[in-house]
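Each of the next two complexes has chain A plus one more chain, namely chain B in the first and chain C in the second.
Moving on to the complex of A and B:
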């Protein structure tokens, strides 16, 4: 080692390095705190998530077969290794603005809840992450009235507020015509 | 199964309900598209004599009409959300034949007055 280690060389001492590291470490995470897995996805400019336990698979490049008599909220059916599943358009169910068709990075989440399984079309899957349960805050009062029953909470993620949706409620309400 | 076309889609009924196929229009027949709530597509037509509840009735369908065996493993119940919201009448199953969907309908429901 031939580096110049004189005090004026700009090289930090060990104490200084450790002090910087301590300062950058951030808050201590309680590893015993219960956490939930979230599948974070995007619809237009809005960020949403489902609980990870409700999402069995994320499908890409899966052909969707349109059936006559499908309402706009139903895209059709998919064949997942021999099982036929419906594909619902979450954007339509949540009454979000149309973006002129499925984006190239769009995915189908294979969701399961309330004894049902269905594909759910989303624009983009952003991440699958574990968050402490305490990080999920109650839904704000400003949330749209029609969304309120479907929202479990909100959680900050990558400078966005992610709305955590209740998949079971969505499936049940959709089946009974409430959505 | 007897496969037939209607409104640009492929449908099928269980073969035991079909007594005959006619190549010329009978005096009375109902269009499959009319029964299914679809728009008819241009093209050659055939007439299936279907027997439901002891009564024979003619249904006008689009070509191609084929008698076909479909493996039981390729016949599926409609998924629950689809079954709840689909407005297509009489759908009882969805079969997949070489990757394409075949909509299996119940003629008893389809032809119910």
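Moving on to the complex of A and C:
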């Protein structure tokens, strides 16, 4: 630090701070609690998130190809470095209203879970962040009946309530035809 | 079947060398005192394996040595002998001697006799004698063999590594297509420049040469890479044959299994998935196909049943046949069963031809075995077999059955799934691919050759009505307005004996392409069998021909259901005889739409049999058919009391006046040429004849 920081100036130097810390006897409390990584994204006006460990990649500018005979919940397929991956319309799976075409900031999340891998179409990726486990609150009772099994909880973020979705469950339901 | 010893010998040599190497390592550790119980156990097993496999091939000289070495190792294992440097040296001699014998087998096919001194010494050790003061290399011993270092002729590679290599090779091939596209772009630029830049022109030429040279090399490389993953069919055939003999015994049926064509090699990807359908078909053969010894005896057949498992090359394909010499498929029983199960109405069942009835066994949940056994008959199976062959292996399956003589299932499979000939077409603004084995014809027909029959379009190809549908419409894509060029491009796909003409916008390309599988969870999509990458790096769906036929049939079913039957014609029974499935189907649709009850027959003989066993108010017949032609059928029917006066209509593509004359001569009431066929004509003719 600098020389002009002295006890007289009213600002504590590092040494003093440490000394004070040491002096304040008492057990050291570990305040670190387990945190989770969330990939926060937007669909229309709603904010959602997936657990970071389920999202392998965020793809942009990826051309989606038509696949004849596929259900409406599938947008098509993409080429990820030689592997073919499907693109799921999350909007359809969550029964959200359709709003026009894909926006310019539109992204595809490459998710993995329930023994499958697929792209997931979202309107915009907002952030990837770490939040403490405790910040995730249980889903409110007002939540839509069909969404309830898919929701892990909600977490406030930038004045929005972000719904944390269970990708494992979504993929599982998708595979078994539940969605 | 003669045992192909040579092939087994090569395998033995490879395996024995492997084990001898392990023995050697183990002995070094033993001599160094670092060998624990498990290590001794392991080298004991190696010696044991060498003994066993040499005995199987009657290489007794090796067996003898191995046997002695094994005994000594056994004694070491149970502790009755203690390792000593002398003992280790003796064992080492045994191993060296076996190695030399194996080398001789590899070179000449026969090993030199076992070293008597060595064997005696080993026996002596076992007999409790001190480790023999070994007479190492007596004076009269042959001069020490020339020491040469062997290099292995084979390398073991993990399959996953090979798969990675092949996948990467596929990527290289795909990306090369992009390079070719760049070349086309460059030529475009050159043209736009109007040849003003001679440098550009020569650059373009050089690049073209380079790209093509590269392409040749790359294709060669890709082919070589694929060959590395090829395995002989014996890998599937041998265990299957063994299993079948066991199964026959457990069912109390004496069964022999004859295999041919085991040397044919297929991509491992196919081999892996081929085992299940083959085993299933063989089991069915033993369980349902082969009769009991008494029944066989009564039929004058040898008591033991024979199953044939054969493979042969057919162009770029391999045909694997599984056949039995049993009683054949019970066609009438299957027909009844389909009705009982509610799959068909009795009328529908009666109207179906034998081939169509046999196809029913491939429906899910359809089992013909009256008793459910452990082996088969639970109704899971034939549909799985078909799905596996058609969807997973990109092949086709056909059945041939003769009452009293047996049934043969023939599977036609590509040699490799990695590369296939693909035709690219444009329809509804999208690109689609077809694998070549399903494409029967490519036609550019004038619009007036597409005729309307029973509210839908058809074209006549080689004396056969083939339904025409627009590919875009079938796939639910917007259909672009028809181009004004006075013709229609048709891709005619064929699955077994059924054809479908698909209207497409353009033909784009045709070449060998690497087919990429869809992700697991999309495999149940019936229309798409995989994807290919084009020069523009776009992904294109490769369409599954059988699913297209199904889709077309569904569309047609809806269309025919929409036509209200005329009503007035109810109860009038018509027999339609034609060897083409498509033609029969179309005529049937036309007539059913008018309220007629239609029965189908697939050739003249079949028609005559059906006419004799039932009653019909009118007969429609083709001329050229196997077994019995339409003229003969007409003449034969006219000789029957019941059919002397009923209307017989000949429908044919023969337009010659003399054919017409002949038709009238044999007694036909009307002669309709397929070329000017339209449903009104047929129905009007029929109605007027019926009065």
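In this text, the second predicted complex is superposed on the first by the 148 of 179 C-alpha atoms of A that agree within 3 Å, B and C clash if a C-alpha of one lies under 4 Å from a C-alpha of the other, contacts with A are read in each partner's own complex, and residues count from 1 in each chain.
Following the convention adopted for this analysis, a residue touches a chain if its C-beta (ideal position, glycine included) is under 8 Å from a C-beta of that chain, and two chains touch if they have at least 3 such contacts.
Model, not experiment: these values are computed from the prediction.
Annotation for the three-chain superposition on chain A: chain B and chain C clash. In the superposed model, A:176 makes contact with chain B only, not with chain C.
Shared-chain residue A:117: touches chain B and chain C both.
Of the two partner chains placed by superposition, only chain B is touched by A:73; chain C is not.
Among the candidate segments 99-107, 495-503, 585-593 or 675-683, the part of chain C whose C-alpha atoms clash with chain B in the superposed model is 495-503. Contacts of chain A with chain B, set against its contacts with chain C after fitting on chain A, overlap at residues 63, 65, 67-70, 74, 77, 79, 82-86, 115-118, 174-175. Put simply, chain A touches chain B in their complex at residues 63, 65, 67-71, 73-74, 77, 79, 82-86, 88, 115-118, 171, 174-177. Contacts from chain A toward chain C in the complex involve residues 63, 65-70, 74, 77-79, 82-86, 115-118, 174-175.
Contact residues on chain C toward chain A in their complex (touch as defined above): 167, 170-171, 174, 430, 432, 475-477, 516-522, 525-528, 531, 533, 537-541, 543, 547. Those residues of chain B lying in contact with chain A across their complex are 7, 9, 36-38, 73, 76, 78-82, 84-89, 91, 94, 96, 99-101, 103.
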